[in-house]
Each structure stands twice: as C-alpha cells, then as structure tokens.
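Which chain is which? They are A, B and C, in the order written, and residues in each are numbered from 1.
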Amino acid sequence: MRSKFFDFITALNGPQTVGSSPLYWRSFAIVCALLLLYPIIGEDYAVSNNGFLMVWVFLGLSVCILWGYTGIFSFGQTAFFGLAGYVYGVVSINIPPEYSMLAAVCGIALIMLLSAIVGYVIFYGGISSLYIAIFTLMLTLLAETLLSRTSGPQFRIGSALLGGSNGMVGIPPLQIGSGDFAIVFVDKPFFWLVAALLILVFLGLRFLLNSNWGYLMVATREDPLRTQLFGYDIRRIQLMTYIIAGGIAALGGVLFASWNNFIAPSSMGMTAATLPIIWVAAGGRASIQAVTISTFTLQWINQQLAYGGGEYSLMFFAILLLCTVMLFPQGIVTTIEMALEEYLERRRVARLEKSPLLGGRL
Amino acid sequence: MSDLVTVENLHKSFGGLQVLRGMSFGVPEGEMRVLLGPNGCGKSTFLKTMIGLHRPSAGEIRLAGERIDGLHPHEIARLGVSTKLQVPSVFRELSVYQNIRIAVQRETGRDARSRNMVIDETLDMIGLITQAGNRAGNLSHGHQQWLEIGMAIASQPRILLLDEPTAGMTPEETQQTAQIVLRLNRQKGMTVIIVEHDMAFVSALDAPILVLNQGSIFFEGTLRQVRTHQGVKEIYFGSRA
Amino acid sequence: MFGLFYQILATFSFLVLSTTGLAIIFGVMNIINFAHASFIMLGAVVTVYLVSAANLSVFLAIPLAALIAAAVGAFLEMTLIRRLYNRKLDCLLATWAINIIIVQAVFLWLGTSQPGIDQPFGSFTVGDAAYNYYELFLFGCAALVLVAVFLLFRFTRFGLNVRAAMQNRDMAEGLGTNTTAMYLKTFALGAGLAGLTGALYAPLMPVSPYFGDRFLWRAFTVLIVGGADPLIGPLMSSVALGSVYGGLTWLWDSVAGSIGILLITMIFIRVLPQGFTGLWDILRAKK
C-alpha cells in the first residue's frame, strides 16, 4: 500500500513540473486541505466570488500546456472557452435541470471535437508557428463576429435564444439530482466543485507532463525536426495536446456559464483573448503551477481594479505584459520560484558543509 | 545476399538546380561506407532525401527491399533509420539523460527499468555517464556531438547515418569518435553510412569509400585507391569539371 | 454599378493605406507590429487637434501628424523594439502591449470622443446616391504611396540596402550596411505611413482612442494574404480582398464582408502561406 502511494507520487514528479520533495507534497496537501475547508468558514459572497476566479485557471492552463510545453501559441483557447459556454447554455436551457451534467459533458465533448478539427487543419496542414497565432486569432474573431450577429428572435436553438452581442441569458447552474435531493452548484457547492476539479486537473496534468507524453510535448517544442527523426509523428503529438487543451478550456467555459448564468461574444473578443496570454506570460509559461497562481492573482487584481473604476485595468495588464516580455521572459512567478529554489539549495549546501561528517568545522 | 540499403538512380532537383543526378549504390547489412566529395556534390542533399526531408525527383531508395523514398521522416525513422545531422541539435534545455530518454522511450514504452538500462548503456558507450544530469546546452561542442550520436544509436537502429559527425571536434575527440563508430559497426553489427570531410577520421575508420561528384557516384574503392586516383584529385582540386 | 465600383475603390484605398506601413516593417524586419493601430490613431488624433485647436489647414496637419507618428515609432524602436529582433513572438506581444498602453493613455488623457473635422471636398451624386470626392482623393493618395514606396525601394540607396538585408542580413552587415540605422528608419517609415493613414481618414470617421482597431485586423489580413514583399503584397492583396469585401458589402453588409476576408485569410494561411508574394515568386521562377 505504502509503495503504491510512493509510485503514485513518483509518477507525479519530473523535470517538467516544479517541486517534487516531500516538503513540497506536504505543503501541497495542506493547501488542498485549506482550499476544501475554506467554504466552511468563509462567507457566501466571497466564497462564490473566489470560486469564480478559479474558473479562469482552466483557461490559463489550457494556454499553458500548449504554449509553454508544446510550443504552440494559440489565441483560440478563448474561443473554445466561450463556445463551450454557449453549448452548455443551449443544451441546459432545453433539458430539465437535473440533467445539466449532461449539458456540461456535451459542451466539453463538442469543443474537443471542434479543437480536433481545427487542430487537424493546423497541424496536418503544416501551418507554422507564427501563423498558428494569427490563424487562431482570426478564428476567435470569426467566432465573436458570427455570434454577435445572432440578435433577434429567429436566432434560437430550441428555447435557447442566442442573443447576439448581448449574449445568452438564463443559463441554469450545474446540478446533480432532482427535486428536494438536488445539489445545485452555486455559492459554496460551486466552490467545492471547482476546487475539486481544479485539483484533479492539476494532478492529472502533472502526471501527463512527467510521462512519456510530456517529454514528447517538450521535445516538439524544442526541436520539431529532431523529434520526427526519432520516429515520432509530431503532428499527432500537437493534435492530441491541442484536443486536451481544448477540453480543459471547455471545462472552464462550462463552469463560467454555470456561475454567470450568462455567456456573451465578448468572452471571445480581442481583450478576452489577450488576458490568458498575459496570465501565462507573466506567471511563467512553462510551469502549470506558476500559471495557476498568476491566473488567480491577476484575475483578482482585475476585479479589484474594476471596482475602482475599471479604466486602469487594461493599462495595468498591458504594462505588466510589456515588463514581463522585456524583463522577465521566464515569467514573474517562475523567476521567483527559481530564486527560491536557489536559496533553498544554497542553504542545504551550507548546512552540509557545516556537518562534521563531511569535514566541516565543528 | 542483397543489400540492406539500395539507392537506385536517385535524382533531386530544386527548381532549375539539379543536385543529384543518377546516384546509385548499395550497402550490405553490417557494413560501413564513407561518402566523400567536394563541396556542392550533393552529400547533404542525399542524406536529407534519404531520411525523408526531401522527395526524390526520380529514382528509388530501398531499405531491405522496401521503398522508403517519399515517406514521412518519422515513418522512415521508425523503420530503423537513425540520423545524426551536421548541426548539433540536441534538446538544449533538457539534461543529457532526458535527451536520450526521448530517443528511446518509443521503443521501451512504459517499462522504466529496461528504459533506464538502455539509457545507461548508451551513456556508457559514448562516455557521457558523468554528465548525465547536466543541461545539454552546457556541454562542449564535441560532447554535444557525442550526445547526438548516443541519441541516434540508443534505439538500436538498423542503419545509422552520420553527417560530418566530427565537424568542429579536436583531433583527440575525432579519434575517440572513430573508436565509437568502429565499435558500433564491429561489435553491434550496425550498418553505417558516413558523410565526411575529415581525412583523419576517414582513415581511422578504414571503410570502403564512395566518392560523390556532381550528384552521382564517381568512384568506389579503399582509401588508398581513392588517394591515388587521378580523377578524384582532379575533382577536388580542379581541372576536370 | 457605379456604387459597386466606388465601394471597391474605397476599400482598395483603405486597405493599401492601412497595410503598407505594416508590410514594410514585416517585409524588412520580419516582425509583426501590433502597435500599428496606435500609430494610426495618433495620426488621426494629432490631425484633429491641429485642425480644430491650432486652426491649421487639414492639408498641413496631415503630413505633420504623419511625421509625429514616425517620431514616436522611432522612439519606440530605439528603446524597446530593437532588443526583440530575434524573439519574434515576444516582439508581437510587446508591440501588442505597447498598442494597448498608447491607446489607454490617450483614452485616460483625452477621453473617448475627439473633435471631428469636416471633409475638405464636397460630394457628388450618381443616380440617386451621394458619393464623396474625398474618397477619390484617398484613392489618389493610396496610388501615390505605392508609387513612392516603389521608387524608394528601387532607386534609393536606402532601398537597395533594405532589399539586400531582406535577402541576407548577415551578408548585408558584412558588407558594411548599418543595419541598426536601417531598421530604425524602416520602423519610423512604417509608423509614419500608419500615422498618415490615420490622418487621412480622420475627416471621414469619428476619432476615438480606438480609431486604429478597425484598421488593424484588416491590415493583418492584407498582410498575410499579400506576403512578405512590401509592394507586391499590399498591392495584389488589396485588390483581391478589396474586391471580396466590397462585393460582399454591396451584396449584403459590411459584417458579411468582414467574415469573407477572415475566411479567405485563413484559407491562405493554410494553402498559400507565402501569400501573393509567394505566388509571384513561383510564377517568376517558372519563366
């Protein structure tokens, strides 16, 4: 039993992710415990809001595993996020609320299918890196433009009105069970749902990134040609990763629509597409941990700035992006992490040098 | 016994520029061949065509009788063709150990024990065991070349292609590389085709030589025969075009 | 029928003027300048203030605004852009950030809407629809810009150096070209052309800090479809996309036109990533 546990932890550790010592995992466990205990002591509004802030992390992770780990710069994740919200909205409005989980599954599955198609066009069509950025940006603009034209009563699927640029309203929250025994995921239950999903996705990604597949993602990023010469079909690697990233973004989109009860084309606009790039760049694109921290923090800051008047938030983020690109190309959180590791390492070596066993002074 | 590798009447043109004009030769299994030739003779183009980076304009390349020309690079690699390109292209951000891991993990799958064994064996063969944890980008040029050779051989390929493996190496490193290649060929029976310039390396290998000129095989023979052949001297030093 | 022709002409001018500055920077320096939109906006904003507050003639204000935009571009190149030549993606992100910063700065300082200025020429009617002489003037300007760029690249020393560096930067440097100065001038030129575009369109559209946005993504489509050549690219793709946009707008509306060019651009990225420049090269090689 104990050895199985250690095997499990070993599979989660590796060069692609930060932190693998017992100290790290103990801290991780404590953070998870605090996360799950928080709703019990927190007040409703704050808990609900923080749950909402965590939803964005899925979008950030989606961009991160593509850009930081596989070298694919995609503006399209925001589109997948928004479209998943739309699919969830359309399906959940049209079916009884106790089946809303089905709507969620639909949203995620359809978006993964869409990302498979888009990914196929991109990777098997040989579109190269910078053009992938532009192609996916245009895709996002296309989605936003098309959906903005859907105002008017004729634009409906079942009883779900698409709503044009004002968006779709009346989206029911996720729910399990029916009637008196239903768990409706709002406020505190929503926080628990998002937290649990986030922990699962995070651990799942750690497992993936440190497995054979993760090595291939990194190899594809570092040197696509060389990777091919080892017998790997990089188009397949890129496509599979793209689909996984699409699924994670879609999960975020479904949670977003569920919490907001609303989804609009502005979730897929230019500004919306910029923010995930900033979270990932500022955090540290090659680290899912850094991105998790930076996404939550930056969205929190975004909210605070919006309360203060909102005019300065865009400026703040733009300056942040510029500083990150010019001064912290590795990302701010990653730079801090690396400095921390260096500090801990120096302390460790210093303690060893003092050890009498190694010939240090007594 | 039919050859492991056969190149038949290979042509390759880029727009109006004809680089390979009817190149033909064969290499029996387990043997080594050195490809020599003056600059511009088509050595690099041949190698790239063989590994699938270019599609031949005409002619065939066969591996154990099966055509491989026109296949994708990764498909050709899976058939057991391993390459070390001229420019060192290791995964600079990863460690030496991780570099080799990527080279072998397709073969060994999830079996961590056999994978680690293969990686250790390879490190031993190329003499980089002490550097296993170092970042590949920090290695010296010569060591990076060895790492690349290690990555090329780690998957036990049927045929190894080396494109100027000693470019930029010191004379000692060149000799050591020759020893590594000889060991691979004689102890492991690996078929090797080497494109080279460095005559010290070539003479240490002591293998049959194919002289390439203007896109086709000009002469085949031992090093001594090549050195004394009048025509070869002329294509290197001028007079005959 | 004249309506369709006029629409296509107007779109062509719009696309050529929007894109040439962007295309020059992309073609020569191989970087995508997202700050292009803010240069256009600066050109427009400076123009309206020079005309309404300083009472300058609009024909004086326009070139002045272009020069100011060029100066801003030069400043940015010297301080930030030149550190990012080898990091293309980072350059894209940095110029995007700069774009937002400049736009937001103008927004915070001057507010949303700016004084409007009138078109200098009047209008005329064909059939029962009214058209502006100013659009025809803009067409003239677009044609002039193309000719000027052609002359610059063909017959000046700057143009020769630029073309050499486009082919082979290391070689050009080895031959003594001061690539640093050349890139500075190129970027300033691109920024100046963008400013000129903004200035020229200021009399036609309401000016706000977000003025440049409507030009930006359309300019990108023209850039992608056109390819790397700063002359062939904008010229041929403005004709192609201008016709598509003009046609679709005339048939349905401008949103259909926008969707049309987005789709065509995406198809080009997939099928002809070198754009019309690539097609041109292929045709020339076949001769």
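Just a few scattered comments:
One rule holds for everything that comes next: contacts are C-beta pairs under 8 Å (C-beta built on N, C-alpha and C of every residue); 3 or more make two chains touch, one makes a residue touch a chain.
Note that the structure is predicted; figures quoted are calculated from it, not measured.
Separation of subunit A from subunit B in touch steps, taking the shortest path, is 1. Contact analysis places A-C first among chain pairs (by count of C-beta pairs in contact).
Nearest to the common centre of all protein CA atoms is the CA centroid of chain A. Averaging Cα atoms per chain gives one point for each, and the point farthest from that of subunit C is the centre of B.
The geometric centre of subunit A is 43 Å away from that of subunit B, both derived from CA atoms. Chain centres here are Cα means. That of subunit A falls 35 Å from that of subunit C. Taking each chain's centre as the average of its CA atoms, subunit B and subunit C sit 49 Å apart.
By the touch criterion given at the top, residues 32, 80, 83-84, 87-90, 92-94, 96-101, 104-105, 107-108, 213, 217, 220-221, 224, 255, 258-259, 262-263, 265-266, 269-270, 273 of subunit C touch subunit A in their complex.
The touching residues of subunit B, when paired with subunit A in their complex, are 51, 53, 72-75, 77-78, 82-83, 85, 89-95, 98, 101-103, 105-106, 109-110, 151, 155. Those residues of subunit A whose C-beta lies close enough to touch subunit C in the complex are 73, 121, 125, 127-131, 133-135, 138-139, 141-142, 145-146, 149, 270, 274, 277, 281, 311-312, 314-315, 317-319, 321-322, 325-326, 329. The touching residues of subunit A, counted against subunit B in their complex, run 15, 212, 215-216, 218-219, 222-223, 225-234.
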